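Just dropping this structure here.
Read from first to last, the chains carry the letters A, B, C and D; within each, the first residue is number 1.
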Amino acid sequence: MRKIVADLHAELVRYNLVVWTAGNVSGRVPGEDLFVIKPSGVSYDELTPENMVVCDLDGNLVEGGHAPSSDTAAHAYVYRNMPEVGGVVHTHSTYASAWAARGEAIPCVLTAMADEFGGEIPIGPFALIGDDSIGQGIVETLKGHRSKAVLMQNHGVFSIGKDAKAAVKAAVMCEDVARTVHVARQLGDPLPIAQADIDSLYDRYQNVYGQRSPR
Amino acid sequence: MRKIVADLHAELVRYNLVVWTAGNVSGRVPGEDLFVIKPSGVSYDELTPENMVVCDLDGNLVEGGHAPSSDTAAHAYVYRNMPEVGGVVHTHSTYASAWAARGEAIPCVLTAMADEFGGEIPIGPFALIGDDSIGQGIVETLKGHRSKAVLMQNHGVFSIGKDAKAAVKAAVMCEDVARTVHVARQLGDPLPIAQADIDSLYDRYQNVYGQRSPR
Amino acid sequence: MRKIVADLHAELVRYNLVVWTAGNVSGRVPGEDLFVIKPSGVSYDELTPENMVVCDLDGNLVEGGHAPSSDTAAHAYVYRNMPEVGGVVHTHSTYASAWAARGEAIPCVLTAMADEFGGEIPIGPFALIGDDSIGQGIVETLKGHRSKAVLMQNHGVFSIGKDAKAAVKAAVMCEDVARTVHVARQLGDPLPIAQADIDSLYDRYQNVYGQRSPR
Amino acid sequence: MRKIVADLHAELVRYNLVVWTAGNVSGRVPGEDLFVIKPSGVSYDELTPENMVVCDLDGNLVEGGHAPSSDTAAHAYVYRNMPEVGGVVHTHSTYASAWAARGEAIPCVLTAMADEFGGEIPIGPFALIGDDSIGQGIVETLKGHRSKAVLMQNHGVFSIGKDAKAAVKAAVMCEDVARTVHVARQLGDPLPIAQADIDSLYDRYQNVYGQRSPR
């Protein structure tokens, strides 16, 4: 599990979702009330299975030689309140954070968005770090929502998934569609996709493809 | 053929046309009613000649241990209906997909576009995945058109070529001109190129250079 | 110290803050009135601990086989007038330089900006190279300001830090927020963050996290 | 000389000035009426000193197993008519080509532009490939102009230098300032730099620094 989480950070780097140390991945340990998360202040080049840290669902350090990510409380809150979630990712990726800075949801005008997010990517509240405010904002926004990603106002993206890899995929796809819809909007209004078509695309992608392997 | 198709996916990665597993290349097997295509859900790092899959022109799996790309039906429809086509590429590349989201063709305001596409890059219809709608949209738009690429509305790009490499080149050039024309349009109106000049550039590039090697 | 400064230039390249040889890092030698800086006209690929140059606080070459960076006078002025500064970085990074070309400060509309810069990133005066004008402009703007980066009008960025690595981090974060706020502004007005929230974020990041390790 | 020219193409790739095979570098052979240029249709990965081709100043192939670049006539015209030029580069780099598509010169609003180009980067005429039109447009625009780069309308960039490396540097800097000024203009009007300041920066950069090594 430590190796999986350590390695997945390379995807954040590969897709330019992070600079310096400002982004993190966590994964729930199957069958235990624990999760593995990035250590604080360690650069992506230096992440190894060994320096990953293990926390309980209150965000307390259980195992590891470094302090856990400063975003650990938000990850922990999600794991405590969304038992179906097995992975959480946080980034300040450029285009998604730009929508977040305006407090504007990304409208669903691409079939790839309908597939992955089932509609718009919503905005969560402005929340300060230091208590459960960010975690609450994530959970209130995503509970019962099709989207696996939320744009926290003036802040950045949190994404969730059945496991850490799925959460990373959601973070990657979120930035990709945030960028494409931004670029589309720069020169006019994107054409809407009918709700029935969005539903049909989402249903097919989650179910038909879900029975085999992800596209 | 498997090796050629596997290797060409690296060009999609190199030119940032794809994220995660969301793009695919196929190539017709010369002299047979078969084509080689990317397996579904396999990342670009892991593509090898061995895990490529072979399909017949109805899109049925003929050979291979993985399910074929979820876009296989569209590739197959093109091969069935455009016998001159030897390669097909599909991407959601950012700038081309942004034009597609607005349902707007890319105007021919660059000599490189006149060379490669002979005019504008056209818009194809909105079509749902699951039957032949996407394939029909591609073929109806590109048959008899100079352009080797079509922007499928709210979706992404399909490009074709005499072989897989030519289709990849068309996908690369499509994103490149989509980006440059987008950037040009952000600050004003690009200057038009006279139709006679477009015709002259296209003719020269396809014929004079076609007799030797591509530029 | 030479090795640290040489190696930190790779971060400027990694984050696309520089092209050709147009950016430089320096670091004060602890306990001495000296600093190490990039040699002039040497490409980033060729930087080694050995070809770094050492200057005194008037910018005179003390040790090294190459001329020091053409921006040495500005670095030296900062070290002479801001004893708490241990590192200085200069770049022409794209988005920050674009704000600088308009003479416009970057407003603090992202929590990451509040964390790192404690508010807006300010504009410094237009100043010609060749005397102390650039150094004076940097010091006048940053003295007593929370921001560790200044956008010199029509020119580029200078950033400072307690050591060379902290100054590089400020340069990286400056471009990152310059880009995100630019992108946000392209499609409307970013939402403001209340001053009390900015103060609270800055205080926490500089103090609570400062006592352990940087995020 | 073949090795220098072959290797310099890697800089075009490194700075994202080219896609596929659409850009080329040439260098005059010192003391001879010859120049070395990229072969046509060979990808940048495959360029070696051995497959570079040598042409005379009329653009005729003198040595080499491949056809010379399709832009050879333009390079040759420049060498014939500007004896001080030792290197020529052609690209379709995105931002510079976007200014070219609008037929708009890049205004000098950055000190780095004043240093390198001494003022605006000018627009050359629309010209078709196939005779000396492009070469004439380059020479008419750049003769007696401080700028070492010209934006050929609806086409792309040609840059010149005392040698091939200087021409590559001009191509790299041209795209860099084209991008920064574009980004600046997206959100308002960049502040002008006084002509006297432009003159002073250009003079210093070309002369003071010219006597030592480039910055």
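Everything below uses one rule, namely that contacts are C-beta pairs under 8 Å (C-beta built on N, C-alpha and C of every residue); 3 or more make two chains touch, one makes a residue touch a chain.
Each chain and its UniProt protein: A, B, C, D = L-ribulose-5-phosphate 4-epimerase.
All values derive from a computational prediction rather than experimental measurement.
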{"item": "Common touching chains of chain B and chain A", "value": "none"}
{"item": "Shortest chain-hopping distance from chain B out to chain C", "value": "2"}
{"item": "Fitting chain A to chain C on CA atoms, where both chains share a sequence, rotation angle to nearest 5 degrees", "value": "90"}
{"item": "Interface composition of copies chain C and chain D: same or different, split at half", "value": "different"}
{"item": "Most distant chain from chain B by Cα centroid", "value": "C"}
{"item": "Cα-centroid distance, chain B relative to chain D, in whole angstrom", "value": "31"}
{"item": "Computed distance of Cα centres, chain D from chain A, in Å", "value": "43"}
{"item": "Chain C residues counted as touching two or more neighbouring chains", "value": "186"}
{"item": "Touch relationships between chains, expressed as pairs", "value": "A-B, A-C, B-D, C-D"}
{"item": "Partner chain C, residues of chain A touching it in the complex", "value": "19-22, 40-41, 66-67, 69-70, 92, 94-95, 97-99, 101-104, 126, 128-130, 153-156, 182, 185-186"}
{"item": "Chain A residues within the chain B interface of the complex", "value": "15, 109-112, 169, 172-173, 176, 179-181, 183-184, 186-191, 193, 197, 200-201, 204, 209, 212-215"}
